[in-house]
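Could you have a look at this structure, given as structure tokens, before my questions?
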């Protein structure tokens, strides 16, 4: 199926991670505004019939929050957000995230927009899926220049969850908070363990055999291109036009 | 009760150096008042993004109005990084106090309740915490001695809350629906300056359907009418986001010269305010 | 999303011994569910008055459903002291954890934010504080060592929030306007059981006029339809306070026997629920 | 003017205390539900043309609070409530209030409804006027059985305000937080220093001359019986009927 777009593959990969039976159940997922692929994954899970509540931040109509943006953080503090997505201008081998900037604090080399709620969400959501399409030594670094949100904490620090996995345009890494290391879980088509090593600035574990990331099934593709796209048109018009060749009605 | 004042009079009432609390681009910023502050040549402002800052903040920074910003992020959303903010950080011409979203809310809620601090979970291990000497890590007093470190954040009382609401009533109450961070900002701040699309008769607090989305006149220092005052940001179901306007800004503001040209055209030229209103 | 359940099924879902958070008589208590709890013979309930308790609490106490109450007051308002509460205190058959209004709100807000405690000003010098070993006085960490004593209150997470709203929508959201203590109660509690006058089509969160007064279905465990479910308490602009009904209660409940007669007539008799509805 | 009702006199006395130029300005006053005489005093000040904001708790229509009852306490915490009224089942000579009950904690002899917000409001409002119509040794005691809200605090305890005065059906006491004592300020008609001593369980200071509490002026009476009553009819129908012989329209 050469007509599978990378975005579709990534959405399907994320959907399977959401449903991972070994992870805590995902009853309520929050998705940030600039995250069309994670949003597509969540809608895919929803359209597959799984009972999941989606809080799509910055959705203009039907914004689920009536306390302003505080409510997402309060919900997460209460333990009601099961899964959140985070990215990072830099991500390191201990799953530390840098959303602030490179170089001297507060980002004198390249300033990123800022940490948003990451320093809180990463510790207080039941789990986090890290997602960054660009997979390069520039992004995946040995050690982030500045830690916006820490991958693990010292023993005794209250923390509800950690990174479950890191999904990139090249592969899926599983994160192991007990040893603060990633392991390679699957390779997207065209990638090898060696190509991943070259593109990755941090060391990671490699199991004896590393499977290929499975293709989205025809059923998944049909849902993505149909009902998932329908739901996303209002919030992500450019994404839907580019990936699904669909435009919102004027 | 409160008679509306002019937008320029409202801008004049904001002193140089004041700490201004601004809502984000998805929650009713008063872009109209930000432009008026540029026109009045405000200097040394300290901005608080609640919890993030956007278009208005980048414009104020570019225009040289801002000495310091405390925020969890500055972003133009889909239009990308905030160009004048990024340039100012690189040049070292702005002090940045990086924050994290729930910490902004918590510091304002502490001011709203009149308590000197509030705790917040998370944050430990982040360099954001490491760069905030005003945030303290203490053992949770509800655990055994010395256990369970937790962060305390001080109350933060802005000098002026600035936002845009849909409408004001005859009593000086303003209605803005579910965007209740604006209520927290107003409660926590010493003064609240609110621009509105229109003033209507009556009292929103007498109407059960409107009361929940109303900020009481108790907290509202002054009101100014600014039609399309959030533009290019969306205003509830009143008007949409003007993506083309923000993209144009993002493109021109990549350079100092381009920003100056944009500013002259959209803000400081005699008819700029009116043109901006008709821009979409 | 959530299909309404019956009032009796809702009452059955409240286990004996549960900690129930109840709004006061001016803020949408579910008297209908309280009566259903009496009918189901609930025992050992712990009540939290947010921040004070009224008619429903006194009735539950009189019916022997309550082991403990934490509240800032129990009162029938204009109808005077709460007779079954006063009798139970005198007889020593109820544990009272006296509180003060803002402390109730603060403990729930701590639970709402998921923090283990929050500070509150005042209280020092009061015997209420002296009788609350769970409230701690600590030096304000933002002052010099050992100075400025301030009270810390622990987070309080009720097992079940119970209140009455005007209406629910097809998604399970409930609308109750400005009475936002009910939102805090719902956010802070493990479960929320909400009675409503009616269920309507649509989604309140899609309507800018209704969204601000809505509690999201996220927090709502179950909904039951109970017409005039706040009666004898007023419900916004839907119906008024039935002063005669409460006066009659206050008079009869002065004695154990009078209360038993009232309870039989108004609550436990087969047609009592329907009669109560038609009582005004 | 023998037709002045005691309630009218008390409302006029309270109004003058509200306007006392020596006290901090009363820009925003909150009044509890069961307080028709303080409410009448506030409306009188308002109708005299003074710019004062009144937050009448439990007012059904036009309730000023959109955060539920929390908002009054938050406003007071912020320092935005200039004046509050409190009473007490017992009030003692140090201005301690008992709203909990008499006898062993929590009121095993006579249980009162409870402390409401007094333990907070008394310390955090800029000033408090104590009002209790019953003036007897039962109410005004040497020492309250239980302290709901303390009249004064140790040095170093943050406190914004204290009792300004105690108004009863017999007299007006001024409170002196520096020495935690009341002094007699004025006597209502028919009272003497001796009659007050007999009716009061606590010791208090008596200045050389104690004036009589002035009568309400004809202008004050006209306002009370007209526009003040108009404002109060909805919230306090029984009070208006009894004191002003006015009934709400059906």
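Letters are used for the chains, namely A, B, C and D, taken in the order the chains are written, and counting of residues starts over at 1 for each.
In this text, a residue touches a chain if its C-beta (ideal position, glycine included) is under 8 Å from a C-beta of that chain, and two chains touch if they have at least 3 such contacts.
Because the structure is predicted, anything quoted here is derived from the model rather than measured.
Each chain's centre was taken as the mean of its CA atoms, and the one lying most distant from chain D is A. Comparing the chain pairs A-B and B-D, the larger number of C-beta pairs in contact belongs to A-B. Remark: chain A and chain B have CA centroids separated by 29 Å (rounded to whole angstrom).
The centroid of the Cα atoms in chain A and the matching centroid in chain D are 59 Å apart. Rounded to whole angstrom units, the spacing between the C-alpha centres of chain A and chain C is 40.
Residue positions of chain B touching 2 or more other chains: 109, 113-115, 120-121, 148, 150, 178, 180, 183, 205, 211-214, 237. The set of chain D residues touching two or more other chains comprises 61, 63, 65-67, 73-74, 77, 124.
Residues 106, 109, 113-121, 136, 138, 140-143, 148, 150, 152, 154, 177-178, 180, 205, 208-214, 236-237 of chain C are the ones touching chain B in the complex. Interface residues of chain B, counted against chain D in their complex, comprise 111-115, 183, 187-188, 203, 205-206, 211-216, 218.
For chain C in complex with chain D, the residues that touch the partner chain are 24, 26-27, 51-52, 71-75, 77-78, 81-82, 85-86, 89-90, 92, 96, 98-103, 105, 109, 120-129, 131, 147-150, 178-184, 234, 237, 240-241. Remark: chain D residues 33-34, 58, 60-61, 63, 65-70, 73-74, 77, 99-101, 105-108, 111-124, 146-150, 152-154, 156-159, 238 touch chain C in the complex. Only residues 28, 53, 55, 61-67, 73-80, 124 of chain D touch chain B when the two sit together in their complex.
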